[in-house]
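Please go over the structures that come below.
Shared chain: subunit A. Partners: subunit B in the first complex, subunit C in the second.
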Partner chain A sequence: MTIPATTRPKASESGKSSKDGSLTPSEKKYVSSDDLYRHSSQYNLWSFTQAQLDEMRRAANEKGRKAALQRFEAARSSAEAENPAVFAAHGEELTSNMLELITYEEEQVFLRFICLQIIQICAHFNMPTQVRATAMSFFRKFYLVHSVMEYRPKNVAYTIVFLAAKLENYFILIESFCTRIPKTKAADILGLEFEVLQTLQFTLLVHHPFRPLWGFFLDFQLALLHPSPVMYDVSVDTIGKLYDQAKTWLNEYALLSDAPFMFTPPQIALAAFYDCDKRITDRYLRLKYLSEGPDSMETIAEEEEDPAVSKHKQTQKEQYDILVKTLKRCIVVAKQELPTSREESAKIDERCFFILSPQKLLKKKIKAFSA
Partner chain B sequence: MEDERSNDMCPVCKTDRYLSPNMRFLINPECYHKICESCVDRIFSLGPAKCPYPKCNKTLRKNKFKNQLFEDINIEREVDIRKRVLAVYNKIEEDFDTLQDYNAYLEKIEEMVYNLTNNINKEEIEKEISQYQTEHNIEILERATRESQKNEDWTKLQEAQETLRQAKLQLIKDKEEEGVAEQKQRRLKLVELLQNSDVDPEELMKQHRAETSQRSSQRERDIKTLSKQLEEKILQAAVNAQGGVEAGPQTPFTPFCGDRNQFSNYTLLGKPANDLVDITDSYHDPYVNKLAQNREYLGSGWRLKTVYERALDEAFMGLNCFIDIEKAEQSQAQDSAPLAT
Partner chain C sequence: MKFDGTTLHKYTKEKKVGEGTYAVVYVGKQEFSHRQVAIKEIKTGLFKDGLDMSAIREVKYLKELRHNNVIELVDVYMSPDKNLNLVLEYLPCDLEVLIKDTSVVFKSSDIKSWLLMTLRGLHHCHRNFILHRDLKPNNLLLSPDGELKLADFGLARAFGSPNEDLTPKVVTRWYRAPELLFGAKHYTGAVDIWAVGIIFAELMLRIPYLPGKDDVDQLDVTFKALGTPTEQIWPNVSSLPNYDALKVYPLPSRQELRNRFSAATDKALDLMIMMTQLDPSRRFDTTRCLQDDFFLEQPLATSPKDLPTKSSGGDEKRRKTNA
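Right after this comes the complex of A and B.
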């Protein structure tokens, strides 16, 4: 039931060694499942610390501002050539100041609103959870690199939902997809597809926390019920109910948050269990990490004499502590709320539209001046 | 419509397929113009002559005419060119030290074929090929003979196997015929006995039936042993032909510079069941366990065990990767690296 003594230290060792990369194959004998995860593109390309995430988003916002200003200047010079009279009279009013650029904070709120929209789109098409989760992941990754001032989130969202449906084996014809979304052409959706793929660096496999969640649901049964129930009030039904709660938790919190960037899928799954029922989950972790089984009294008496075993116990304790700490942090990250409102988002969306096509804004202003 | 008709009509003698359904078209790799068989006989029987197509001044010979294999004449042409080029550039992968060299060689051949089919730098390439051929004539011949030897070996093996298979079938057939003849004889004997002797007929019938079944099973056994021996012979022939390629120990493939950890993070609940190589008495999950009763699922190779294993594997895949710690260390290492150098 507990993890064999030899694996734990080895796993942490190999973890370090794969980081500095100086290890030759002959030194390293075994690859732990954690090392396998370290080989995934999700770990290598799409896992960040909080600081890195903030930095990337700010950089994206800055990039978007620069691009917007450049676009505006180009549009302005062409407009000036067309209407020199208006520019002579009101030239100082027609500067980039009228372009209400979107701040970092506004951008985050707006993106959150679109994320909620994506969930609604998926619900509208009756798509499975897998598609929704993948679409959400793609969308968040896309706006980690780009700003709303470069690509209009509305269009990107449709493209991403279509792409995610295709990837997760829930194929919808582009024609039928378009007919069910008002005011959208197939070309708009497909035109952005390559852009999105490029931004994702063609890493299309997303490891979601849902299967690990189910895996833990199974392992909970083994740890807590077999051969005999460990806790008097825990039965198959209790664990089943907990599993359902945890699934809702994942959909409600983890999917919309930064947790998938900052934690691995099993950690998020365990965090979901931990937040739904701390008592049962903690018992499971203790059983798993600290060998606190019903038969623990005898084993401790046996192992006390061996210093290696006691040392191993200590590393196990450390592992347990760090895992619980991570789970708690994961819960905090997942539950970070960002209040959004439709009105505010609609306003930002309108500004977005003018930022992306400044010539329309200029035309509007020039018309107002010349009238 | 016009096209279809012209496809079925010889442009030289205007014979139509509608009137002479046995008409065949031939082409000549000089110019790839389509001419019907009787025209070829008529025009080229007396020696080389000019292509009857207007404005085509190529001189054609009768022995070069051949059937068209591909409908698209461009493909036909490319295949011919490729055949010609490959007859000269006939190195195989083992003739190169590295895969890269081999790929470069293949690339070069492809380029030549492409250029020749599209008439780009045709003369230069032709010159290059003929030069290469004169320079490497001996090598090319050697490789060609080696290749044909290989093909011969293979055909020989095929033939040997075929004869063995035939022999086996013949043997089985003989045995069966023998059995049928014997049975007939015994039935005759039985009728005679029934007519002439005063033993109880029921008893006789019983005896006869027992004997028959015994003999037929004996015969089946004979056939089985015989066919087994022959199969072994066939296998032996195959091994002999391959010349013991599979000698030497093979090192297992380790994709991540190390074997998978054989200590699992979990133990699978449940005990193996016999009939379907699946597990029983396992986890409680009504939905999935119900699927395990579905014969369509089982028939296509779906197993409860693998489903559970996958979920549990993924549950522990990356559980102890602490991204915030590891990524922070990584970026630190990156920051300090330029300073150190």
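Right after this comes the complex of A and C.
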């Protein structure tokens, strides 16, 4: 297994250059997994820095506010034509000030809440991890581009779970899907499929950290137990338990966070191991990078070192340091907290409802004035 | 983003070239480049469960696979009537057409070339953890300059996730590997290799190698030709769901295979044998196939541009439409 040693270049920097089709630098004679990853849509279209993510979300929020205001003005004009008297008397109270637009901060909290709901929907259908992970990824991508003031997150969430199930070999008939979720209509769910696909730019294959996690699980055993155990208290059982913990970690933290936008799947998988058991994971990394295997003592014993060898060691050390730093950053990103509450989210959801249907808001107010 | 109104006018559909149950295929042009393309329009209205699964699967995998021997997905867009349109590179011929066209003579170097291109395309799929699961001559399309491209990814899926069940109901019957015939829920890229091995045989024979009439007959035809797998040659085969105490046919002798493929060299036979091993774990993977001596043996693979093409003569109807 190849370990990604370097931090991922930003999509805006070297990511671009790899798009021109040059698969490998000329001196390389093979194509590594890392090279292949650099050709994925996930790397080329959906990898960002934290700053880029923030900027995109602010832009989406701004776009949503503009759309909300436009929608309101259109609704206001037709309401005015229908109720000229009310507008003549109370026109200045029937302005867009009535709209309680959603701020950037509120939007993030609300989206987080819906993400947690997606987990529940998937659990409700007993869907495999893969479906849940893909749905989460689609949802978070959708709201990098759009705002909750344009598409109601609840509806988008249902469509996305349905679509993810279809794409990850866990197909559910639309009727049974709707039957098992109260108050949903097939047309609402299917109606958004196109919108979701377009927003995703038709990139539907998501690389999750679960496969590399499994790969590292196997490689940990190979490196730490064979031919003989390297750590006196680490057995197959220990590594098995660590694997389970790391899997839970991915589900609880990584998938809900920005980590998948900022790090490669193997980096996230290693970060999961590292955060769950730093001691074992670090030993593994040292074995892989710093040749601290059973043979390494001999190398150290040799006094006069070949300059090429010491250069090699230095590079190894640098790679190790970069990797550990990357893992630590990934852990911080994955564990960023964003507390949400059902009450607050329900309020935001209600505001979204009126923002998306301003005619209903106007009608309510006009009725109050006419009474 | 390029899927607003402008996209709708970026392609012209010039001629309907095929109609299948779930798609209509047109030949058209990309307007700004005048590039000829095939546009596969998916009939959305037919599917009450939303976008058709094989269409979006095709999009899912082709979006990621860029390789000279895999069909290029040029673009995807929605037409105003809300139909999904896949814009694919235009490939006017396929290997099935050529195999059936008895006026075209295949040299051994031609067969080598098609096999090589198939394996290269497949290697790219497998190293990206994608199984094709429907390889057959009809899905190996040919470009005007002779390049062979894997097409129709409607049955493709990703593999390599632990503890995942896969459906054995894949691959067109004649090209179905024994583990699939036995109903295995866990299988690998070896199912694709088997199909390529059978295609390899078909290229030499010019008729389908294992044409079973139905699923039961397929087992019989397959094992009559290649021997019935037993525990000795394929450990644990008897634990597969549909393994029955079948009629036991002996493994074909080398001489028998030599008679069957009289024009094949020893190296060609060796490779075919390794691609059609009954036990999937003994079958060569794409890397082993590509490194095989067969490809180094004279005559070397024909260069794509020198490969035979279908005989001219209004063969339009047999054109692969991929619908």
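We adopt the following convention: the second predicted complex is superposed on the first by the 335 of 371 C-alpha atoms of A that agree within 3 Å, B and C clash if a C-alpha of one lies under 4 Å from a C-alpha of the other, contacts with A are read in each partner's own complex, and residues count from 1 in each chain.
To be clear about the criterion, a contact is a pair of C-beta atoms (placed from the backbone, for glycine too) under 8 Å apart; a residue touches a chain by one contact, two chains touch by 3 or more.
The model shown is predicted, which means the values in this text are computed figures rather than measured ones.
Enquirer: Would you check which partner chain A:219 touches, where first means subunit B only, second means subunit C only, and both and neither mean what they say?
Expert: first
Enquirer: Touching A:34 in the superposition: subunit B (first), subunit C (second), both, neither?
Expert: first
Enquirer: Is A:211 touching the first partner subunit B, the second partner subunit C, both, or neither of them?
Expert: It touches subunit B and subunit C both.
Enquirer: Have a look at where A:171 lands relative to subunit B and subunit C in the superposition and call it first, second, both or neither.
Expert: second
Enquirer: After the superposition on A, what does A:130 contact: first (subunit B), second (subunit C), both or neither?
Expert: Once the two structures are laid over each other on A, A:130 reaches subunit C alone.
Enquirer: After lining up the shared chain so the two structures overlap, which partner does A:162 touch, if you call subunit B first and subunit C second: first, second, both or neither?
Expert: In the superposition, A:162 touches subunit C alone.
Enquirer: I want to verify the contact counts: of subunit B and subunit C, which reaches more residues of subunit A?
Expert: Ranking subunit B and subunit C by residues of subunit A touched puts B first.
Enquirer: Could you look at A:359 and tell me whether it touches subunit B, subunit C, both or neither (first, second, both, neither)?
Expert: Touch status of A:359: no partner.
Enquirer: In the superposed arrangement, which partner chain does A:201 touch: subunit B (first), subunit C (second), both, or neither?
Expert: second
Enquirer: Quick check on the output: what are the common subunit A residues between the subunit B footprint and the subunit C footprint?
Expert: The answer is residues 31, 36, 39-40, 211, 214 of subunit A.
Enquirer: Could you list, by residue number, the parts of subunit A that touch subunit B in their complex?
Expert: 1, 3-4, 6-7, 10-12, 14-15, 19-20, 23, 25, 28-40, 43, 47-52, 207, 211-219, 221-222, 226, 236, 240, 262-267, 269-270, 319, 322-323, 326, 329
Enquirer: Show me the residue ranges of subunit A that touch subunit C in the complex, using the header's touch definition.
Expert: Per the stated touch rule, the residues are 21, 31, 36, 39-41, 128, 130, 162-163, 166-167, 169, 171, 173-174, 186, 189-190, 193-194, 197-198, 201-205, 210-211, 214.
Enquirer: What does subunit C use to touch subunit A in their complex?
Expert: 1, 3, 48-51, 53, 56-57, 59-61, 63-64, 66, 76, 78, 82, 84, 127-129, 157-158, 160-162, 164, 167
Enquirer: Once bound in the complex, which stretches of subunit B touch subunit A?
Expert: 254, 256-263, 265-267, 269, 283-285, 308, 310-324, 326-331, 333
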